[in-house]
Amino acid sequence: MTKGTKGPDGSRLKPAEIGTLGRRTFLQLAGASALAGGLARPAHAQAQTTVRWWYHYDNPQNTPAALVAQFEAANPGIKIQAEAIPWGGGTDYINRMFSSVVAGNQPDCAMVRLSYLSRFAQMKALEPLDGMLAKWDAKSDISDDVWKLNRAPDGKQYYMPLHYVVIYLYYRQDLFEQAGLQPPKTFDEFLGAAKALTKDGMFGYGMRGGAGAHDNWGPFVLGGGGSFEKGGLLTEKALAANRWFIELATKHKVVPPSAPTDAFRQIVDSFKAGRTGMTIHHIGSAAEVVGALGDKASAVPLPRAADGGGWTYFGDESNAIFSASKNKEAAFRWISFLSSGEANVEQAKLSGQLPITTSGVKSWTGHPKRFVDASFASLPIARTLPDSVKTPDFVGRVLPTNMQRALTGEINPDDLMKAVDQLFNG
Amino acid sequence: MSRRLSARKRILLVEIPVLAILAFALAPFLWMLLTSVKPTSDLSVFPVRYWPSRFTLEHYAMLLQRTSFAGNLLNSFIIACGAVLVGLVTSVPAAYAFSRFRFGGRRLLMTGFLVINMFPIVLLIIPLFVLMRNLGLIDTFIGVIIGHSTFSIPFSIWMLVSYFNAIPRELDEAATIDGASRLQTIRLVILPLVMPGLVTTAIYVFITSWNEYLFAMMLSGQTVRPVTVALQLFIGEFTVQWGLLTAGGALIALPVAILFLLVQRRIVGGLTSGAVKA
Amino acid sequence: MNHATVRAATPYGFLLPALVLTALVILYPVVQTVWYSVQDYILYAPDDARFVGFRNYAAALRDEVFWISLGHSAVWVGGIVFAQLALGLATALLLNQSFWWRGLARALVIIPWALPSVIIGLMWTWIYDYNTGVLNDILIRMGVISQPFPWLASPATALGCVMLALVWQGFPFFAVMILAGLQTVPRELYEAAEIDGATAFRQFVHITAPGIAGIVATAVLLRIIWVANSLDVILVMTGGGPGYATHTLPLYAFLRAYSGMEFGSAAALALLLTVMLLAIVWLYVTRQARELDA
């Protein structure tokens, strides 16, 4: 096991880093020297390398214990210490991770999201994997598109893709048939269907205005011509697309009045309870939806704009190795194990998402086929959010707050676009 | 108030209002209990289904067998008891000093304890994390206990000062005249009298620690994970495990209620009328 | 050491354990946070942080959302503490009467307080739910409303609905504190009043109220601080929305700190709240000091 260059006190130091010894590195060093006593153990302790890995699964009954056992049997000398960290709406997981990086107590590797890549990069918290990836024989089992989506702005690969979801449109097959409707392919057809289904206290479209609103806003506004480049949200086309989206609630009233604060649980529950005819989510809720509605529910890719433009959210999950890790080789063995072959399929079952490997997807039976098909059919328009340190603030605060204000009529829809543009380009 | 009410008056003026308050206090909890014994398919239906289609203990069984919840309950219990112990051992002498002595900086120190507590913990958490890490207290019982007891110190001191103040100083003086040392006076005269306040403060510290999430989430790992953190694991990104969550809620609230049932006599029985006459 | 020195040192000795623990655990993070507030400190770019003086504070005072949040904080603290106190006082007085199931009632009433905030937030969100919530269902069955109402999604009702959940959670606190306070009121006073033929109301005004005033005042003060800073239930129920409708100051500071990771601005926002709370505490301390130190 190579262990990287070591400083005299046992902490990992590169000459380049010493020059720019800022507060963060200082804290890490302070932490490392505090630990140095503990690390200077006799040689026999080194036979066993322990890799600390942080993960989160939606179902607390799912544990990676079997995967860990399998890996440890195949890799004697490496022990995996897997730790479930509460997701807490994303905030808890991320807070714990960033605090650990600041305090120098980060694990060797952890599940991470693309939207935080810029912030990690700015902290120089992650280790580029390119060198290790070049020697990894299962790399080609993950499609080039996915590698491209995960690449950092500096051209390096910090993330090892693990599994993913793509946002699509859930719809009620039975109600569409009764009304003589086809699943919508364009925005106009979507509005038409939503109007037709809105009756007797039921609403055509279960809009998500609370946490996670970006996956409902994006398809119509970014798909309708908006972009995050400077001024890209303020073109007449983008503003019109956004107005059209907000008017689904304010003018056409095809969304439940609770939409401004509805988050995933409310939109999925309303759809399951038969109170909405369409809703926008991904395969992660397919099992629940089928459990409640059976064959009545199906899914298709999101509708597109009149000019053929479309956008849907690529929900990623990857593993990354922290630059402060002393067991990078071992950590890489573990995360590459999770992203290849059978293990990746097992791992996708635990997380309720889709395997990342081409081979794993071919034999995938974890979800009913129509939802898997809808996910694949959505890939051509699947995009990620901008690679910016501002993105988490867009997702967590600026978009939901301003979209809610637009939905409740407190501000003009155009002000929402100005606020988002201000965040990214102001 | 010691006045005995007639049976009818008591039912009308006391028992019925108490029932009304209990209804308000318990309705959401009972709704939660009811949810915890429903099969999952009963949960998100329209219109609302009040009575379970069948009663089931599967959520409880799953919670105790397939998750680490029982161990987490024990962890919470150890942490809360530790926090009560450390909290009282540090707060009682401090509160006594504030109540019975006049010394330089008294008012400043008393205010200081409060001021330091006026800052939202969410914003302190990162420096706190760095500190605890440098002390090597991450994922240890000591670390969480020290955190929880320290957060409750300002409250405990202030509350105890007002209970101490409620005890007439003449009692201390009488005991001193009788030849008792200061520690004897505290042990034999003051502590028995302040027992309701002491128990109340202990309950406060216990419950606060029992329910604390953020600090415990940051400071605990696999080893000392308390229930609040374990509970948060049932709220995933795409699913809320309502069955597990509500069953967990029931199991979290009941020990506290039982504990309170056991100690509530202490709250009322502590002060004897004879002592106050002195 | 002579006797007088020992006597003078005694109170400090009594204070020592509490002081040491507080200084060790809280003082450093508080000082650190105050230091953040005068820098443009962003968590993911710690090396770029510069000293900016009071610029974060000035920015906060110019920020429309700060004033909206401040207004909500005032309503939040005033409404919740008042309702908790009223309900808690009534509960304590009732539970101080003797009836055969009193012990049980005392134990049951504590339950809302014994539940973690995350469960409280989720349960109440579910109760208020537009489609599958019991509140709408009950009101429709009773004929009060004909259509379900989006309780948490309407700017007019959202704050009140979240406040109700917090009142529910916190009133047992006052009940327990006041119940303990009632025990310190000497029973002889009631007996004497009874002999004088005083009504129950007069007994309350002249004996009970003055007897528990000190403890109630302290409990209110402590509760104001706690409620002013509490944000976990709001966070679970609405996340501050719709729009700014349930933004309180700590919640806004939290969003700035953890969504934007702008720790400098967030610390300034939180410190402004602290200064305002300090004014309340100082009022209380000086008032109380007049009574106690006299």
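Letters A, B and C mark the chains in the order given here, with residues in each chain numbered from 1 onward.
Just so it is clear, a residue touches a chain if its C-beta (ideal position, glycine included) is under 8 Å from a C-beta of that chain, and two chains touch if they have at least 3 such contacts.
By chain, with names taken from UniProt: A = Sugar ABC transporter substrate-binding protein; B, C = Sugar ABC transporter permease.
Everything numeric in this text was worked out from a predicted model, so none of it was measured.
Taken as a contact graph, with one node per protein chain and an edge wherever two chains touch, the assembly is complete, since every chain touches every other chain. Set against one another, A-B and B-C show the most C-beta pairs in contact at B-C. Note: centroid distance chain A to chain B, computed from Cα atoms, is 38 Å.
Inter-chain spacing, taken between the CA centroids of chain B and chain C, is 15 Å.
Multi-chain contact residues, meaning those touching two or more other chains, occur in chain A at positions 95, 98, 102, 269, 273, 275.
Counting partner chains per residue, chain B shows two or more touched chains at residues 44-46, 125-126, 232, 235, 240. For chain C, the set of residues that touch two or more other chains comprises 43, 131-132, 258. Note for the complex: chain A touches chain C at residues 20, 22-24, 91, 94-95, 98, 102, 119-120, 122-123, 201, 209-211, 256-263, 266, 269-270, 273, 275, 389-390, 392-393, 395-397, 400-402, 404-405, 407-408, 410-411. Contacts from chain B toward chain C in the complex involve residues 1-5, 10, 14-15, 17-18, 21-22, 24-26, 28-29, 31-32, 43-48, 50, 86, 89-91, 93-94, 96-98, 101-103, 106-107, 109-111, 113-128, 131, 146-147, 149-151, 153-155, 157-159, 161-163, 165-167, 182, 196-197, 199-200, 203-204, 207, 210-211, 213-214, 227-228, 231-232, 235, 240, 245-246, 248-249, 252-253, 256-258, 260-261, 264-265, 267-268, 270-271, 273, 276-277. Within the complex, the chain B residues that touch chain A are 40-41, 44-46, 62, 66-67, 125-126, 129-130, 133-134, 136, 138, 217-218, 221-222, 229-230, 232-241, 244. Contact residues of chain C toward chain A in the complex are 43-47, 49, 129-132, 147-150, 152-155, 158, 238-245, 255-256, 258-261.
Contact residues of chain A toward chain B in the complex are 27, 30-31, 34, 56-61, 81, 83-84, 86-90, 92, 95-96, 98-100, 102-105, 264-265, 268-269, 272-275, 281-282, 284-285, 288, 291-292, 352.
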